[in-house]
Amino acid sequence: MAPKSKKHRRSKKSGLPPGAIVYIGDLEGDVQAIQRITESPDGVESTIVSDVQHLQDWASWSGLNWINVDGIHDTELIEEFGRAFQIHSLILEDIVNSEQRPKVEEYVDQVFLTMRMLDHRSTEESDTGEQISFILGPTYLLTFQERPGDIFDPIRERMKNPESRLRTKGNDYLLYALIDLIVDNYFFILENIGDELESIEEEFFRDQDSLSLQHLQQRKRQLQQFRRVVNPLRDAISTLYRDENPLISDSTRRYLSDVHDHLIQVQEILDTHREFCVELRETHLALLGNRTNEVMKVLTIIATIFIPLTFIVGVYGMNFDHMPELHSRWGYPIVWFVMVLCALGLIRYFRKKNWL
Amino acid sequence: MAPKSKKHRRSKKSGLPPGAIVYIGDLEGDVQAIQRITESPDGVESTIVSDVQHLQDWASWSGLNWINVDGIHDTELIEEFGRAFQIHSLILEDIVNSEQRPKVEEYVDQVFLTMRMLDHRSTEESDTGEQISFILGPTYLLTFQERPGDIFDPIRERMKNPESRLRTKGNDYLLYALIDLIVDNYFFILENIGDELESIEEEFFRDQDSLSLQHLQQRKRQLQQFRRVVNPLRDAISTLYRDENPLISDSTRRYLSDVHDHLIQVQEILDTHREFCVELRETHLALLGNRTNEVMKVLTIIATIFIPLTFIVGVYGMNFDHMPELHSRWGYPIVWFVMVLCALGLIRYFRKKNWL
Amino acid sequence: MAPKSKKHRRSKKSGLPPGAIVYIGDLEGDVQAIQRITESPDGVESTIVSDVQHLQDWASWSGLNWINVDGIHDTELIEEFGRAFQIHSLILEDIVNSEQRPKVEEYVDQVFLTMRMLDHRSTEESDTGEQISFILGPTYLLTFQERPGDIFDPIRERMKNPESRLRTKGNDYLLYALIDLIVDNYFFILENIGDELESIEEEFFRDQDSLSLQHLQQRKRQLQQFRRVVNPLRDAISTLYRDENPLISDSTRRYLSDVHDHLIQVQEILDTHREFCVELRETHLALLGNRTNEVMKVLTIIATIFIPLTFIVGVYGMNFDHMPELHSRWGYPIVWFVMVLCALGLIRYFRKKNWL
Amino acid sequence: MAPKSKKHRRSKKSGLPPGAIVYIGDLEGDVQAIQRITESPDGVESTIVSDVQHLQDWASWSGLNWINVDGIHDTELIEEFGRAFQIHSLILEDIVNSEQRPKVEEYVDQVFLTMRMLDHRSTEESDTGEQISFILGPTYLLTFQERPGDIFDPIRERMKNPESRLRTKGNDYLLYALIDLIVDNYFFILENIGDELESIEEEFFRDQDSLSLQHLQQRKRQLQQFRRVVNPLRDAISTLYRDENPLISDSTRRYLSDVHDHLIQVQEILDTHREFCVELRETHLALLGNRTNEVMKVLTIIATIFIPLTFIVGVYGMNFDHMPELHSRWGYPIVWFVMVLCALGLIRYFRKKNWL
Amino acid sequence: MAPKSKKHRRSKKSGLPPGAIVYIGDLEGDVQAIQRITESPDGVESTIVSDVQHLQDWASWSGLNWINVDGIHDTELIEEFGRAFQIHSLILEDIVNSEQRPKVEEYVDQVFLTMRMLDHRSTEESDTGEQISFILGPTYLLTFQERPGDIFDPIRERMKNPESRLRTKGNDYLLYALIDLIVDNYFFILENIGDELESIEEEFFRDQDSLSLQHLQQRKRQLQQFRRVVNPLRDAISTLYRDENPLISDSTRRYLSDVHDHLIQVQEILDTHREFCVELRETHLALLGNRTNEVMKVLTIIATIFIPLTFIVGVYGMNFDHMPELHSRWGYPIVWFVMVLCALGLIRYFRKKNWL
């Protein structure tokens, strides 16, 4: 569960006016960067925008217009964006709240989508990736990332190809392509977890110590966190492709429904992994029961055979003056005989009980 | 679970006419206070109202009109309110029943909402905060609190700013702002519980004693109580922003849907915390099994090695007259040799069984 | 679970024509009584009706008309009622089947509702109260109770007040008032169970014996039985206030929705109590595991320390002729030294393992 | 679960054309019989039909026409029926598949219903009764039973009464009456299982041996099987009375809804019985834990008291030449004193730990 | 769970354009084969097609046209099919992704269905069969199989019969027939698993060792995998027969609804088998608890009787000079008498506790 570090605390917003733009997250410093990718006569042009003012003429744009912002902790910049693109203050609030659960919201001529982008680094338990928010408008697609660096380079590459659907199909298709890439990356993370689980199982069958149990629990928590990323996203995507929003074309809708399918598959793999964890724990407990039972049986067999015998030899170790058996010629062999008989009887009893 | 104290007992209403205004709660005394906040030409004006009669001209009011009542145990006063504002007797009954579950009810020109307001003090297990009821009418917002003292000061502060949306957007927006503040406070409580759980886990990994188990259970119950506060509230808010009630404007509806989102997030954190509790208990049981198994193994190894040896030395402690071994020159060393062999054999057996 | 006594057996109807009026229950004898309460010029008039024939002019009745029947085992009388009020045979069948689950059924100009009325006596496990059936017609309300004696006296009292809503609002409001009273009584029963559970928990924390476990299970069964009374009733009431049945006025509908709310609250308390039972059992099991572990540790520590020592003293109790140590001047103190060393070593080992 | 005997194997149909009439079941031989019951001027007439050809004039029939077939393993005969009554091949396939789950299917002018008829003999675990299929046509009701002999004699009896609703209400009412009888019989079986469970519980509280556990499990499986018979049937009946099928009159619909109610009740009793099984097992495990704990405590107390004492007496059984205590006048009584002290100390310790 | 081998890894698609045709599976080599089955004047004609170009005139085809492709790893060929039959790139992507979950998708004049075909070989745990995809067009049915060799020979055989519904009912009926055959095969696999479970149970009741536990778990995982094959398929088939798709005739719809019924039955058997697994594990744990308890009791009885006796004989083995009892004439018999008394007392105690 990993309770949040102090900076993440949602409560620092308590009492502020609704729609207050307060950054909730643990990044600081000056990593903010705005990149704009547009179509130009010569192909695709990528520019670093220094000032949001330069973007105010969005109503006249056409074709591909992707503006990507790295770093959401400069709330002033986000507010400038809000004014430039007429974004509702509740959207702005969600963009800077890095703890937001995935959701989609439709406004008059904007579609807002927020989700989590997992990274290869995300196999570490506590990392639930970074938040990415999309705003699809009539002539643009805005993306807001928490941190610089992303997994979108393949898309930037494909954009350079004038034949690519990315060039011919508009900003809504670009939105789809980015989502699809992020979801494809989920499969990668899942495979990593799968490998991890496999190695835990191997370790488990080699040696049943509590270490693997701890390990297993960490994986289970990671899967639960993952689930909380995937489930609401699936619903959001479903809303997106079912609603008759004019910003999204019918052909893109078909592709979004494919992403929805992939998310169902991600959920199924998550469930399989979870069941695997639960089963491993159950098997562990059952085997532990078996083992304790076996240990008990060894103890019981040895103790039950020798304790009575020790009593018998104790009897003849007593120092009474009058113990006729002690002076008998056959006393010693008879005692041995009795003891062997006694032991054999008990062994037979254990055989019958199927303990040997 | 904390069964209710006698005063809370719902059953004292049994047999009374429906809509009977009977206070269910444990407060007494004379803490009743009525505060009215209105807009005046000079800004916001706050007055203490001594008599409900002064409020009867509500039909002619305009702009912001917030009337807050502290203390609901003076049922006569509540009935006066009922007559002054034409409130349905079922609403009055719910206002004074401090055990009411959160709900919303829509009447011809009133919206009634009741929910629980949790306080920073509410980290104590048995405290489920105080009940607060809202009645939104055409020209007013009534709030009824159980106890004097609330968490609304930030809102009273923001009201003084003439630019604030609180001033421009009417009583329905004020209703939203109050709800939002209460829900924001839920996050605060949840973070406290999260810290508590974290420290229980730390304590648990330092020392597995039953104390932490007791502690854990208390937290789990608190989470269950919390859930029963949040779940019906979420449904009520959902009803509120989906229904086409003319008392609530479209822009406020959008904000209410944001509160709804927050409540879903509260639920998710609650679930995470609950899973955490369940998992900790499971890990406790699995580790306990491990530990019992280990204890058993130590006992079994020691007992199984020494019990047979003790038997052997017992044999030669017997006082039979005729025990030829006793008089043999090599008897003593041979017995030692046999015993060492026997012990080594058992140790090898335990090694093979992987117990050592 | 308490399998039914022979008389309750549902199977005795097997093979009879559907709608056959066969009493299923365990009452006998002559306790049948018909009471009619009507409005008269002088107020409310209560008469004991000796013959169903006197009721046949119901079409001309007006105002309050409540006919209450105590005792449903006289199936002939029930059939007479059926003829007089044109009641469908399936309703008659349900009225006399005291094992009927709560339900509502709407016929052309009758509403049939059956539910269970719990009594203060109902804290006993096996008692699920008595069945009460309501038939609301255009001009009358019929109630059929299993046993004489009910909890409706407060209503009979309130009827005498001409200002009472009972007098002004018609038979459908009377139906509501009776249901509300029964449901209010559920809270009373629940509080009793809550007290019982509280005392079980106290007993449990004083002494963990199996007795309380048995007790706990009985309470859990009782809660399950209660649930089976409440759940279908909640659905029935919901049907009643949602359907546009002309026999029930809009204002009464509002009150019925309030009863529905109360039933949801009853369910929530039931669930809380159930969770309490489950948790107590879980805590019991976890504490039992702790205790067994502790017992094992004490045994293991004592046995592991003394078994090797006993072996050592056994060695020097052997009677071999040639045991040089025995004759050594320092043999005895050296053995003691070795034994103390051995014991201290084991104690240190247990300390390290955190068993001491 | 009772994996099927070879003859039941569904797989023998694999690869055959869909709608292939292959008998799946374990009956053989020549028990086929066709009985026709019709209304005649003199009352009800029952004839044994030797040839399906005689039934081809069904379009001209009127009134009650019930044709019952005992034995479905003669697939040729079933196919003849199919041709004579124009039955869809998928229906025929379902009729002869005795493993069919209960369902209803509506064709242009036929309603097909298949369900299981349980017998008094059905208290044996592996018996899930026999399959019975109904085809309700415009002028007839066909029933196909697996085995000769059924529980319908009360209906055949009631038919003779010209006043009976069976005579006046047509074939759809007859269908209802048959279903109702079968469902009534379910109650009988359930009561038998209830008695069985009661006796298991009694046995359990007398003696907790594993035998009852085995027994309990068998009952639980039987209840699961029963559930799989009842659940789909409930849905089928619900479909039947909700759909606006012209073959079923409105008054019969009302009766079918009553059967639906009975099936819900059957399910509730099933659930109660299942919970009872689960609880008994849980109580068994908890009591077993208690008992193991108690056994451990006895062992630990005895061993912990006597093992150190045995060590002490062992010390003074050593044969060292120089043991001054041995020659002291008070050595023996002092050792006794020490041992008693030691024992008392341990007993006090156990008292404090509440083990005694 | 069996984490996927490297070749199956879904992640190798990450970053490629959506709809990229990348084979996900573990087959290689040159096993591709295209078979076309059409009606000809002389009956049914089967040809091996060498080039997809020959199939481009599909718009003019009539009657039965089944084109089956074995091997989907030649993505180029699949793309050629895509161009020839105008298949959406998302379909092509799904065809070559052998990890695709069963689903149905409807395009303008194509219906796409993908599912898993299990083989008799599929009783091995890790085998989830091969994927088969169907594309039903206006004049053709395309099937894509992963591997050469299938279970469709009975259908190819039945096609030769000109009376067969396969010949008269068109490509949609053929689609149904193929699905039905695959689903029928599921029953076969289920029966194999049932046999396996039966033998595990038998083995279990002969000897409770951990081997069977391992075995059981494997079967449970296999059932889970099976479930993930069946559940989405059931939903897909349900979509297929409910939607008003013009490519599927009404009569075929009826047959598809029958397949749907079969899939529900498959699910029920799967659930029964799963419950069986869970129950067997539970019984195992309960019996293990019983057994451990029994082992403990034997140990406790023996140890508790003999440890005190051993102490007593140890007392009189001490070598004190002054032990008057040792020299008494009756010392020895009295000690025996005391010991026998002591043992009998303990035996009586155990009897009372019902341990003997």
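Think of it as A, B, C, D and E in the order they're written, each chain with its own count starting at 1.
One rule holds for everything that comes next: a residue touches a chain if its C-beta (ideal position, glycine included) is under 8 Å from a C-beta of that chain, and two chains touch if they have at least 3 such contacts.
Computed from a predicted model, the values in this text were never measured in an experiment.
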Seminar exercise, completed: Listing by label each chain that touches subunit B and subunit C gives none
Problem set entry | Chain-contact steps, minimal, separating subunit E from subunit B | 2
For this session: Would you kindly state whether over half or under half of the residue numbers at the subunit D/subunit E interface are used by both copies, giving same or different?
Result: different
Problem set entry | Copies subunit C and subunit E - rotation angle from C-alpha fit, nearest 5 degrees | 145
For this session: Would you mind pulling out the distance in Å between where the CA atoms of subunit C average out and where those of subunit D do?
Result: 26
Exercise. Between subunit A and subunit B, what is the gap in Å from one C-alpha centre to the other?
Worked result: 26
Problem set entry | Distance from subunit D to subunit A - Cα centre to Cα centre, in angstrom | 42
For this session: Calculate how many whole Å lie between the centre of subunit A and the centre of subunit C, each centre taken as the average of the chain's C-alpha atoms.
Result: 42
Problem set entry | Residues within subunit B bordering two or more other chains | 289, 292, 296, 299, 303, 307, 310, 314, 317-319, 323
For this session: Have a look at which chains touch which and call the overall pattern line, ring, star, complete or other.
Result: ring
Exercise. Quick one: in the complex, what on subunit A touches subunit E?
Worked result: 151, 154-155, 158, 164-166, 176-177, 180-181, 184-185, 187-188, 191, 194-195, 197-198, 254-255, 258, 261, 264-265, 268, 272-273, 275-276, 279, 282-283, 286-287, 289-290, 292-293, 296-297, 299-300, 303-304, 307-308, 310-311, 314-315, 317-323, 353-355
Problem set entry | subunit C-facing residues of subunit B, complex | 1, 3-4, 9-11, 13-19, 88, 90, 93, 99, 101, 103, 207, 210, 213-214, 217, 220-221, 224, 228, 281, 284-285, 288-289, 291-292, 295-296, 298-299, 302-303, 306-307, 309-310, 313-314, 316-319, 323, 325-327, 329, 331-332, 335
